[in-house]
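Which chain is which? They are A, B, C and D, in the order written, and residues in each are numbered from 1.
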């Protein structure tokens, strides 16, 4: 299913979307596959499929450690792309958004990289270190490959930039509610909600809110504020990292969390008047 | 006996003079007194009576240690001067030449200091760090006190300075044969003998050669070269420092050395043609 | 400086959070830098606090050894012991102009962290310095200095605990506080406008060289040699000569132990273009684009990337790149100590080693300016250990 | 300079062995110093090697703290980190003029030993440095530097193993080799002509101050403050102002732990005139004239004597003497670090401590030049240990 249809389907159902973010290959490929299956089976609508990078400067300590482990265990971009194929082979139909840092596609060749993930079954790509100013290649090649480059919006984004971004964006907008990097946060500041509201004024495009979301309540809040859904990533890694020898044993806890966050996305939508 | 008479007496006997140099108070006063008695009884003609100073820059390691020990044991200039008196009380009649560094008389007052050592029984003073350039006070006050300031001559002394020094000197001239400080040396360079000969051309005044003399042979050599006698100091300290707990036990060895050096002074004289 | 591109290098590959701040920074720099007030404040500090102009010293004994005429541009005499303060003072003044109260930065050798703390105190700004745990150990004395100045030293224990990791973490930290805090980038790396800002502040070196050498030799130098990783001291020296095509520019990077993988910092020799810390640079990486850690005994060269501008200069062959291995570098320290009585920083010693190793490249009548980027006090322990053990 | 006397101080109280050498030295100095060739060589080295002129820095933050207008004369920026090189370069050139091939010297903080080794290498002279065993331990990093430069470091373990003993042993050594070897005296002490020679070479400091302050303030300074023991940095700064009676001169010596016997280096406070190391000086001694060891945490001030000229200036009340205690000195280091981002040498910190402790002595409109004689890198361990333990 493509992104557009997914968002339409959820809107019809009256639900917010949940997009969990998983870096592929931590602690090993088999677990990542099982984890993604579990997430999808229990509430995930869209998959943010991370390709680990050595220097993930937009990521907090949890995902830094995740990337480090995945790379140490030999994960490569090509094997990640194979992983996307495997998900599709398993019959998972949800939209897949690849996340990685720009050096990965840059070194492979942006067009080649986008073609490959497209072939494997992905619909979009998030490259946190490519702002609009540097997005020409990604936009042009994305168009040719049929991959949406997803852009982010931050509290620091000016009105002028917001316009620029919404003008070129497709798929959805990634709203970073906090000034900072990925990672679990105790409470979600008003800033996130305000930013969602601010962006909403500019565009009807789907908005996914991320960074710092780890609870049902937080998910509900961003959806209530107008986001089309909530992204959570480190929150899941924090669960399975507690037992890296047998991460499968943590899947029940992860199941519970994804159910709850999805529930938050649903309730937040319902609470809108 | 004054210096002049002593040198005349020895000339008449056909002997070179031996002047041992002892810093008073190392390791303690009683030993210094015994040591000086022993030296006089066994060959010393003149006593070089050292008043220890904290920073004896013209002295080598042996005498540095000697000064340090004497000061640690509480020796003071006043007690040294008392020591001279004690020697006289014991009936020792040999000329006594006080050696010290200029700060000692400077702080007490040069005139006062010279008067005191004169009263105690000394005939002359050696202040190694007072060259002719700075000798005005010492010369003037020495004259008044009746104390000869003894001047040194070194291998570096130019002809011009040699003349200046011999012009103002009295008592005897102290010929430093080596460029360096006090201390035992294996062999006496030609330089010492040459310097003695050089100085002898300028003056009939008694010449005492010192620095580095520790054997009969060396003593004989300097006397043969024209010196009126030989000075040895560190050589004696090197013997008694081997047993600082019971330095008296070393007196027999010291006796032997002073006899030999005196013997050298005699033989050197005889060898002159 | 409109786009910050140097051929295929450069750019602004950062999070959206930081983009507006970079735009603001560029505007502030363009607005303030050229004003007489800013120039006056900067030049006064450079002269009276930093000790500029630094001398151009004709090193006769070293010249004899190499077989040409070598001048040392004495950045070791800059307050703090290296060229780093030129840039730190400039950016600290800019921070004040922007109305920010804090500065954060990262440091490897500690020289830049120290310079930032100094500039911070002079300008009345709070300073926080991120430093890899491994570098904290290796550069203990600079850590002490930074702390004595009252700056906060934050250990970075991710990755290998070295400069690359400290830069990453400073960038992360910056995304949390960029509106109140300036990131004082220490070399000509990072996203535009940093490479431009740093090179501009450092180009005081080259401007002085030009004046001084013309006075001494009545001509431009034939060659300028400088060490570097990010490239700030090299560009500082090179910039006013880039258009003077007859002036050879030689850039010396850290060869490390050997050119085998993971044992070197020689990104021009064994790296390729890639995107790191906000820009396309020549960078050490594996075939998949994962950045590789660099290795060299000179903490200040221990960075896997070459800044955009120096990458561009080498790519276009305007500058030549060379490298020196660790053991050659230690020997070069000794050569300089014995010939000229100067103990160079290990970074600087790379430029020296290059000349010692490539005497043939220098003609008898050639006038060479070696940018003597820093003094070796910070490396003394390392140097002595090397000579005691080898 | 005919007799080298400053009131009751000075003179030539040395062995006959050395007298002819001193006469030769005086003649050589008088012959060569004033020639254009010598001046040219010296000035070139001072400018291009040592980094002169050093800046006169208006320390605004520190000024605010004291309550007057303080300029720092930045001798810390001289190559090697202190004023010592001014004199070492001068005497090294003189050594060459005299046709001697070797230099010996003594050092306490190691700054002068380092400067001598540097000057030796630049001028192609062999160097041997005598250093008390206690100072070797306390100033380990400078010992390493000196050795790396290829100079011989000879430990002195007589007495307390400190500067006084090293001077004594260097004098002894000199008597054995004075015809081929120059004793490069490191401060304005020793027999004439040393105090004169050293003060002359150091007076470049004061000449620069005069020019610089007139340019900045259009008048002479009201006050000059300098630390010292032998007095070379102080005299270097004071000399061109001695005849300017309106310029206050303040000399700060090492108070040590307290003014009790054996715990201080404050010879003006608790010493008296005496003869040591070739001259009459103000010196720490007991009632019998035995020289007392001095004590202060600043190795470079740890000498029991004040040089003849500074002794004379204080005796005639042309200069005022003050002192600072060790704990005040450490606090002064921190004050300077925090206000101006500079870590001073412990010696220099005495002058800073004096100003901090005597703010009342300085008027609001007073222009004070503090001769900032050296940087604190050599003292870093000591400083950090103090703050960690206290």
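Going forward, a residue touches a chain if its C-beta (ideal position, glycine included) is under 8 Å from a C-beta of that chain, and two chains touch if they have at least 3 such contacts.
On a predicted model such as this, the values are computed, not experimentally measured, just so you know.
K.L.:
By label order, what chains touch subunit A and subunit C together?
P.N.:
none
K.L.:
Let me check something: if the centre of a chain is the mean of its CA atoms, which chain is farthest from subunit C?
P.N.:
B
K.L.:
Calculate how many whole Å lie between the centre of subunit B and the centre of subunit D, each centre taken as the average of the chain's C-alpha atoms.
P.N.:
38
K.L.:
Rounded to the nearest whole Å, what is the centre-to-centre distance of subunit A and subunit D, using the mean of the C-alpha atoms as each centre?
P.N.:
67
K.L.:
Using CA atom averages as chain centres, what separation in Å is found between subunit A and subunit B?
P.N.:
98
K.L.:
Show the residues in subunit A shared as contacts by 2 or more other chains, in ascending order.
P.N.:
If we look for residues of subunit A contacting two or more partner chains, we find none.
K.L.:
Give me the residues of subunit D that touch two or more other chains.
P.N.:
Correct list: empty.
K.L.:
In graph terms, nodes being chains and edges touches, is this line, ring, star, complete or other?
P.N.:
Graph shape here is a line: each chain touches the next, no loop.
K.L.:
Of all possible chain pairs, which ones touch?
P.N.:
A-C, B-D, C-D
K.L.:
What residues of subunit C sit close enough to touch subunit D in their complex?
P.N.:
Residues in contact with subunit D: 47-49, 51, 54-58, 61, 74, 76-77, 79, 117-122, 124, 141, 144-145, 148-150, 333-334, 337-343, 377, 380, 383-384, 387.
K.L.:
Show which residues of subunit B lie in contact with subunit D when the two form their complex.
P.N.:
53-61, 64, 68, 71, 76-78, 101-104, 106-108, 128-134, 151-158, 161, 165, 176, 178-181
K.L.:
List the residues on subunit C that touch subunit A in their complex, please.
P.N.:
Subunit C residues touching subunit A: 11-21, 158-159, 164, 168, 171-172, 175-179, 272-278, 280, 285, 287-292.
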